[in-house]
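Two complexes follow with subunit A in common, the first pairing it with subunit B and the second with subunit C.
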Partner chain A sequence: MAEQTVQFKVFRYKQGERPSYQTYTVRVDPRTTVLRALEQIRQEQDGTLAFRHSCFHASCGTCGMKVNGQEVLACVTNVLELGTPVVVVEPLDNAPLITDLVVDMGDFYARYQPAGMPMIRESEFLPDSQVPEGVEHHMRLENCIECGLCLSACPVAGSDPLYLGPAALAAAWRMVEEPRGRDPATVLAWVDHEHGCWRCHAAFECSEVCPSNVDPAGAIMALRRELTRRKIGQLFGRR
Partner chain B sequence: MVQERQTYGLIRRKGAWSWLDVRGRRLGAWAFALNRLTGLGLVLYLVIHLLVLSLLTQGESRWNDFIALAKSPAFLFLDVVLFFGLLFHGLNGIRVALVGMGLGVERHKTLFWVLMTIGAVLLLLSAWKVFSSPAT
Partner chain C sequence: MATFHVLIIGGGATGAALAHDLALRGLQVTLVERGEVTSGTTGRHHGLLHSGARYAVKDQESARECIEENMILRRIAPESLELNDGLFVAITEEDVAYRDLFLEGCAQCGIPTRELTREEALRLEPNLSPDLKLAVQVPDGTMDAMRIPLRFLATAKHNGAVIKPFTEVVAILKQGNTVTGVRVRDHRTEKEYEIGADIVVNAAGPWSEKVAAMAGVHVPIQPSPGVLLALRGRLCNMVINRLHRSGDGDIIVPQRGLSVVGTSSWVVEDPDNLPVPEDHVQLMYEKGAEMVPMVKQAPFRAAWSAARPLVGERGATTGRELSRTFKCFDHADEGVEGFVTITGGKATTARGMAETTANVVCQKLGVDAPCRTREVVLLPHTAYYVQPD
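And now, the complex of A and B:
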């Protein structure tokens, strides 16, 4: 594929003004990602366009946005592979909008804290390999990159602002699954209410859009299974 | 130190429309949307059903008039639509209940198609029964 001209219809919003869409024409090559195209727009056409990014390789989770209605990481979304002459770029849903494509992730991040999820875990990928001297275990970062795509894609989060959301519930399940010395009961109590894991209605869209294979929907169902198991146990006098 | 956070006026939250906005979404979201629609449809049907039954209090002729209408092909088609709603909502409800208890989560799509295949067979049988039963 040679260079092509693609139109970008970009959501624009500055506080105090009405939201609108602005269209930019951009020359893209087969390697151009949506994030690169947005950078090109900002550098060559409109310096007021605001968006968030950092790592450029799907590790930081900061460039989450909606492209042609789909929640994606803009840094790994190839423009020409979208196959549309007009690419619609919008901010994530279900989070307060700050400006243009930038949403406030404060509440989203804050919901991880009660789950108490540490950033690193024992790696399950190297069970037979030799651990280097001075290292106790192979460790790795948790899968979730806190991009917020799942919260934006969730139809329930769209109608229930108090819903804890897929990412926080997935974090809670990680804590229950691997407590690392903490009491899972605290986390289970945190999710066991109408705006917690019981609010999910199994649309599975969170797991579909997750760029990091966290499978939040599976985690939510695992939380329910665990809570159900404990409640049934309590009925029969078991803790 | 607790920082006072700035609040912003605009949140792109679709409300109940987010249940039904399936543009670009996948199987689970479609099933979720259709479950909501059929659920609302069944509630509406119950209300209409009770209203229709209240015709019984208005005399035999009103009731007989309604029964004549209920035997028309258009009305019978609505019966098939009702069966579709019942079957989809019930069978998908089984899937949601199973998955919600942590059963078959990894195979929820397969579960959906198996149940929908059963539903399609039952719907065809229902439609055949509705349209082939002699008018009495």
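And now, the complex of A and C:
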């Protein structure tokens, strides 16, 4: 297989020290992802390089980072397909930096958790299939993998630290769209304010970078429509 | 009562479940993990909630563990599972010939089965191969490989456990023949410090042999990687398994909007920086497509390797000959006190592995506290990051 040499310019930061960039040379093949290259660096060149990862197939959302300035999951970003002789790797924006490429996801979850989105939804796939005996209905895990790419890419999140952000608003819309026994009014009230769904500038960066087809921007627009519909309904004395 | 301090090395499913179990029993717990939690084998598995049926013929001890833990996980973490069941599908006459042995094995292990005709199975899963002969339904499912361990960790934290990711053990401290703690390097600062403990538990999965060597003892572990292939789109709702003895590319696990085809099996010395051999990736396409032909058309998402921690001495050739059961070693048997290793096993059986280990730990410390992890419903995974009031 055709191996090539690629330079990785990686953001480095250890607490108590100045941030810097460090360049590593890595041999890659046509299947090498940015995550595998980082593993190679840590294993063969620099054991101090810290980054987050878990599933290696875009299902856990742990390895979100910026590669050549773009928010991606490192595990599904092919190095040679980037087509650049130097690959710049940096941590996500709009989240506190812990070390190197590791950011603190606590703030993300503090905003995300109140939506109370269940992890399981009804499967919309294979509509022709029947449900097996002993299974009530086909179910599947939610699309959002909580990677934080949308929050990092959001131009508003950088300027308004109170903004709920795309992932939390998308989770809120999932609750309204499919309440599963809960009252959507509570969730709607939670997003109906200046740091909620009305704060978005409709830059659609979030939907661009989402690796899981959640379309947070679409969800935010849907929340606005639903709130508007309810408010007009109230004006005319209807729910 | 004096509170004993247990230090756990390894933030995978096993360490997470053990931290939860020990915290519930009232012990003081610290867990250290060299990278992010679930960054080793745990996060990389195919996400199968095992019914045990895969092991019902050749490895019944593991099969029984799987079905028992499968039913417990449904109680304690229902929101993290796709409970769509699984099918074992016969594609060839040779597969059909395996049916009786398979059904008998499942019955012996207490795994419920339901036989389906070709037509019944195709109604449930229209993308199955037209060559399908028959199928057997079993209570397999899909689990969230990262978020179930996070729920163990979240609940452990809520009960007082301290979880330290990016904290790598560089030495195991001993006084005479007794382990007294560890020396760690904090990768946020690259500074080293010591943590004392009454007992140190090695839950480092395929790395447990290396960790044990630091304490001067031997753990028979054979790291055995397998290649997995993720494709875009859900090609099935149920877990699809090949009805024959364990082999390459014999399972497709639907997971979120993906389908994961697994696995191959070989053995390595070093579980770090695993290669992803191209011929193994192609084998996943070939063998997966025998069950679900659309495997060959579905868009590629990822290919990766994960190392199983199989219990057994070096010398195995593919790893398929080794059991998937787990083993807890009290190294006092080799003259080292205060040091316990738990290894082997499956993500599905992590809670049971933790119960066995916590029993050993409590017995060594003289703590009389029953295991409660069969009943306690786990906190949501988000509570790992944001602790509830």
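Going forward, the second predicted complex is superposed on the first by the 238 of 239 C-alpha atoms of A that agree within 3 Å, B and C clash if a C-alpha of one lies under 4 Å from a C-alpha of the other, contacts with A are read in each partner's own complex, and residues count from 1 in each chain.
Here, a residue touches a chain if its C-beta (ideal position, glycine included) is under 8 Å from a C-beta of that chain, and two chains touch if they have at least 3 such contacts.
All values reported here derive from a predicted model rather than from experimental measurement.
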Subunit B and subunit C placed together on subunit A: clash or fit? fit
Query: Is A:Val135 in contact with subunit B, with subunit C, with both, or with neither (first, second, both, neither)?
result: second
Q) Counting only touches as set out at the top, which of subunit B and subunit C does A:Gln15 meet: first, second, both, neither? A) both
The chain contacting more residues of subunit A, comparing subunit B with subunit C, is C
Quick check for you: in the superposed arrangement, does A:Ile120 touch first (subunit B), second (subunit C), both or neither? second
Check your understanding: Regarding the shared-chain residue A:Glu208, is it in contact with subunit B (first), subunit C (second), both, or neither?
Key -> first
Item to complete: May I ask you to decide whether A:Arg199 touches subunit B, subunit C, both, or neither, giving the answer as first, second, both or neither?
Response: neither
Message: Contact-wise, after the overlay, does A:Ile98 reach subunit B, subunit C, both or neither (first, second, both, neither)?
response: both
- Task: Please indicate which partner A:Gly106 is in contact with in the superposed arrangement: first for subunit B, second for subunit C, both, or neither.
- Result: both
Contacts for A:Arg174 in the overlay, against subunit B (first) and subunit C (second): which applies, first, second, both or neither? neither
The superposition places the nearest Cα atoms of subunit B and subunit C at a distance, in Å, of 5
Subunit B and subunit C footprints on subunit A meet at residues 15, 98, 106
Interface with subunit C, subunit A side, in the complex: residues 1, 14-16, 31, 33, 36, 39-40, 43-44, 48, 50-60, 62, 75-76, 98-99, 102, 105-106, 108-110, 112-113, 118-120, 123, 125-126, 128-135, 138-143, 145, 212-213
Interface with subunit B, subunit A side, in the complex: residues 13, 15, 19, 68-70, 90-98, 104, 106, 153, 155-159, 161, 200-205, 208, 217-218, 221-222, 224-226, 228
So, in the complex, the side of subunit C touching subunit A is made of residues 35-36, 38-39, 42-44, 47, 79-85, 114, 123-127, 137, 139, 142, 144-147, 166, 187-190, 228, 230, 233-234, 236-238, 254-258, 260, 272-273, 276, 278, 281, 301-304, 306, 380-382, 385-386
Note: in the complex, subunit B contacts subunit A through residues 5-19, 21, 23-29, 31-33, 35, 95-96, 99-103, 105-106, 108
